[in-house]
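Structure first, commentary second.
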Amino acid sequence: MVIVMAPGATDAQIDAVITRVTTAGGEAFVSRGDTRTIVGLVGDVDKFHGLNLRTLPGVAEVVRISTPFKLVSRQHHPDMSTVYVGETRVPIGPDTFTLIAGPCAVETPEQTLEAAQMALAAGATLLRGGAFKPRSSPYAFQGLGERGLQILADVRAETGLPVVTEVVDVADVELVASYADMLQIGTRNAQNFTLLQAVGDIGKPVMLKRGMSSTIEEWLMAAEYIAQRGNLDIVLCERGIRTFEKATRNTLDIAAVPVAHDLSHLPIVVDPSHSGGRRDLVVPLSRAAIAVGADGIIVDVHPHPESALCDGPQALVDSDLRALATAVRQLAPLSDRRPAAPLGR
Amino acid sequence: MVIVMAPGATDAQIDAVITRVTTAGGEAFVSRGDTRTIVGLVGDVDKFHGLNLRTLPGVAEVVRISTPFKLVSRQHHPDMSTVYVGETRVPIGPDTFTLIAGPCAVETPEQTLEAAQMALAAGATLLRGGAFKPRSSPYAFQGLGERGLQILADVRAETGLPVVTEVVDVADVELVASYADMLQIGTRNAQNFTLLQAVGDIGKPVMLKRGMSSTIEEWLMAAEYIAQRGNLDIVLCERGIRTFEKATRNTLDIAAVPVAHDLSHLPIVVDPSHSGGRRDLVVPLSRAAIAVGADGIIVDVHPHPESALCDGPQALVDSDLRALATAVRQLAPLSDRRPAAPLGR
Amino acid sequence: MVIVMAPGATDAQIDAVITRVTTAGGEAFVSRGDTRTIVGLVGDVDKFHGLNLRTLPGVAEVVRISTPFKLVSRQHHPDMSTVYVGETRVPIGPDTFTLIAGPCAVETPEQTLEAAQMALAAGATLLRGGAFKPRSSPYAFQGLGERGLQILADVRAETGLPVVTEVVDVADVELVASYADMLQIGTRNAQNFTLLQAVGDIGKPVMLKRGMSSTIEEWLMAAEYIAQRGNLDIVLCERGIRTFEKATRNTLDIAAVPVAHDLSHLPIVVDPSHSGGRRDLVVPLSRAAIAVGADGIIVDVHPHPESALCDGPQALVDSDLRALATAVRQLAPLSDRRPAAPLGR
Amino acid sequence: MVIVMAPGATDAQIDAVITRVTTAGGEAFVSRGDTRTIVGLVGDVDKFHGLNLRTLPGVAEVVRISTPFKLVSRQHHPDMSTVYVGETRVPIGPDTFTLIAGPCAVETPEQTLEAAQMALAAGATLLRGGAFKPRSSPYAFQGLGERGLQILADVRAETGLPVVTEVVDVADVELVASYADMLQIGTRNAQNFTLLQAVGDIGKPVMLKRGMSSTIEEWLMAAEYIAQRGNLDIVLCERGIRTFEKATRNTLDIAAVPVAHDLSHLPIVVDPSHSGGRRDLVVPLSRAAIAVGADGIIVDVHPHPESALCDGPQALVDSDLRALATAVRQLAPLSDRRPAAPLGR
């Protein structure tokens, strides 16, 4: 941590900073320049944060140097992690490329099964599907709730695909975890810290979507909330951020993949469906995601997009899925990855 | 709602749109241009949303015309609402200007009482203070929880100031409501829909902060979630949005005040402390808020900012509070408002 | 300047940094922490920038401490500047509030004169009007060019109002300066550095609009380009930045006024017309601008907005202008300012 | 174009809209809903824009339907264009993948030649290099000017690589065009319309960088300015947009490639160096660009990044270039592209 003093800071003000730091057990190194003095701090950064140095007279700025996350940081954990999902242990990690597919929302047993079969045919090894749907409007379809979870479990029994599904309320975490193989935290709950702690406690793998206005650092701090409860089975999911551009629903931050890989040992997948919000962009963005080094993608599929209750305009249909399967087959090996297959129990 | 057909849309595709609309009980008016055809829909817009018209072949775009919120809209409720807080019924509404002040976080009984007395002296009629603090880092101070609520209640008994405090978890709503006079929904929970519904159910006044990346429309949709549960005692709070500018913590969207007043009958207050994140900006931004027509402001005060456990750098001290009191006294009348006073039971 | 070494940086890498700095005549202070080492530099910062320290092995980050602008900085020039415009020396500065008004685009002599008379009646002491109009579409009205300048000069002769008008091309700077009293640099040219240098050379007062995606620091650097050519008669103009919010054309960054006043001695005015893009927002935003401490505002007026060739929807009409005049009269004195009047030659 | 009337619009107001439209030779189709009436316009859209319909009483909104660009639109030009650069006619278009590489700034003949040889070895067929450098600070290195152009021409003679270089001032367009094979418009000049017109007039191929806060539509409108002068040899360059994320210099909008390809027949290349601003991101982002379907990339290389006068931290060195060459060789064929080779005169 570095303390930058204001141009006119007095010696007494500089001394006050030093005293407060050393009293707390830290060391302070002073560099006096012509117009400004800076003080470098060495010691326990977390303790320094509690010192409120920025409010001391004469202090212009406090510059943090070290990253604020620990358990999810790559600094003390240089090897990339692999997260295994479901009884069949489908891997998401550095050696594989995992295709996760399914309907945005579970509507009926038939629609869900059909979507799962489409997903399977395209090479997916995990099934996504929403039973609890957070919607901007209270008048929009909010999901089938527990009945949707039951349908997902039935389709898993039929197809063998482990299930990823969203949880939106702390009160539902146990219920959702009793059906699902992986819990998803959506973009609107990216900083719902009590929910993050609850999925940390439950111990199942978690897919953590980036908040639509979260920096990469804040996203990793959200992961740290989960990790701190003893659950390190976390997969990050880049799903686009909010910008001024209107041609797409969100702006896919493709650079977030290598940046997060550099900062954290957690796997990261990309959601090309919700970032673009347009069916014609899903395959190109998926190709970009594979090539940039993502550990997987998660896409919407629907047997009849024109009657979908949620996000029909972005759902893939059969021909798209064939293009997607080809992309995975051709591009993943060039990133030194094999398509992810269940390892079995 | 207007359906814009793609340039090469066929007559059959246009007919398919018309059929789907009329089957659902709507009317469709067709305007055929040289390069494009547009179809204007008349009827029940909510029903049209369920038709998935955007996924039909030949459809390029679906343009929504009417606003998606109803209960909080000014369209059928042209008079501005007043929300009354606490047993003494402190108003927030079109005729008054309400100063809400207090510590960012409740730390000790002494600090909270001292802050409340500073607030009172400056003319505040509501006390803010956080017992549950959502923090980006799991390693930061998270608030005192119920003990903080008790302190707030004690200070209310001592000073007479009704209490505004944040709730972050559905499971805590009843607890917080049993102590507080007004529940605050923070920016990170602006789209935590189950929490919005829960505070809607509990029936106490709610202060709804804008999400840091919420559009004004999304913010009003969040209010609609509360209203739909029968609770219309909602006060909007503009607290800055996230942009590329780094000199301030967030960018205060001052235009949101007249824009929201135009769209909704709900009162709106401004938070100059969290938007700027700098003590020297609080008074200027408060002045702007009064002059632009806000119904109140909510500010951080702390008797000893240099030892504050949360957001010390933005807390006002005594001299700032005098400047703030002067601003309210001078500027509010020029916006045809009187300082808000308790009406008594 | 502070050099942050990467966690695993070797002593040799740290020494290489020190050597490069001391060879260039600087001093380097080393703070060795448990996980990282930081090196504080003292000396000529501009020289350090040329050293490319960020590319040296083992360097994680280079943190700049001092501000990169000098001539426009308040650091060595604590008193606020006043810029005087026109033969009658209309002031823009700390003691006055200056109302600048006129048509977005000059269309005809009659329209311009009528707009100027509306402006005068509202208390304006400077006339704005565009002869060269940068438009997003090449098919939109681009202004009357020199004929528009002539009209402005004629209206100045008739009304006595000095003229502010935009210049968009280096080749036109002399021409525009021969007619105008103040040259405006528009938001799209905020980083057109050759144009900035050219208006610096010509020596007339300049109104520098903020780029729609410029940070406040970049804006002040743009001003530095003008200042470096010996022209310090610069007025900053905040006109809104680009964000995700769609209800307004741009988001007025009202905090930019006190932030820029803190960093720079240059006056700053606010453009409530182009930031909001809506007539109904102009008066509220103007009120906010006066109350926050701006040195003036610049607004669009048009005698017949419904036939305006440019930005009619945001032009003020007579009744708005009366409300604006009232706002200036009532609010400016509360910011210790008097309405700006010509000082005479 | 669709006119949305306000909820309470009167019949007289609706009639006034219709009259204005039909007087101008258009047709108006009226759809009367329960709460709102909409009017669909058919006819010459450009003429409608001049009617100022948004300022008429009772009009709530004017929704544009057709795209505002024509010459660069794919609507009447469904086949993708190929732009040929230099005497040897290096193609940038739908069948090829073009690698453009070179130093950010031309510093010396040796450095430029060495960089060009690195570029050649990696498979580049066009040389980039800046002689006029727009820099945020007036105190930063601004480029060698004409001497830099001469060096680029000498290196072209030596290596056979056609030259792409930036022009920042209308006054320099002829000079730069006399040396260069392709003129680059930088991000800060993306809406410098007189410069766009000047490079349109000169008739040489143009690389048009996206403005850092330009929407895709505005970027295509900027291209329309060039095209309108008779020059359709335009290559779009996506170089990242400005967002709140701080880990990268800009946020590469990878979806802009398929979106722009959908809207326009112009080729589009990606700049992974300036978007990320970090050397370690250049190869991953290049891989994403190839896979998403870009027509080429433009990257910074430098023989000695640690002494570069501009943007050293993002310049590729030899080992990166080998990885980049591998990526082009492996990935481009999977997008049905061959590496671009000169066609000869």
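Per-chain numbering from 1; labels A, B, C and D assigned in written order.
We adopt the following convention: a residue touches a chain if its C-beta (ideal position, glycine included) is under 8 Å from a C-beta of that chain, and two chains touch if they have at least 3 such contacts.
In this text the structure is predicted, and so the values were computed from the model without any measurement.
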Exercise for review: Mind listing the chains that sit against chain A and also against chain B?
Suggested key: C, D
Study note, to complete from the structure: Shared touch partners for chain B + chain D come out as A, C
Review point. How would the chain C/chain D interface be labelled, same or different, where same requires over half of its residue numbers to be shared?
Key: same
**Study point:** Distance between chain centroids, defined by C-alpha means - chain B, chain C (Å)
**Key:** 31
Check your understanding: How big is the gap, in whole Å, between where the Cα atoms of chain C centre and where those of chain D centre?
Key -> 27
Review point. If you average the Cα atoms of chain A and of chain C to get two centres, how far apart are those centres in Å?
Key: 39
Study note, to complete from the structure: Among all residues of chain C, those touching at least two other chains are 213, 242-244, 246
Study note, to complete from the structure: Note: in the complex, chain B contacts chain D through residues 2, 4, 7, 27, 29-36, 38, 40-43, 61, 63, 65-66, 75, 242-244
Revision key, fill the gap. Chain D residues touching chain C in their complex are 46, 49-50, 52, 54-56, 68-69, 134-141, 168-171, 188-189, 191-194, 211-213, 218, 221, 224-225, 228, 242, 305-309, 312-313
Practice item. Spell out the part of chain B that touches chain C in their complex, as residue ranges. Key: 213, 215-217, 241, 243-248, 251-259, 262, 275-276, 280-281, 284-285, 287-293, 327, 330-331, 334-335
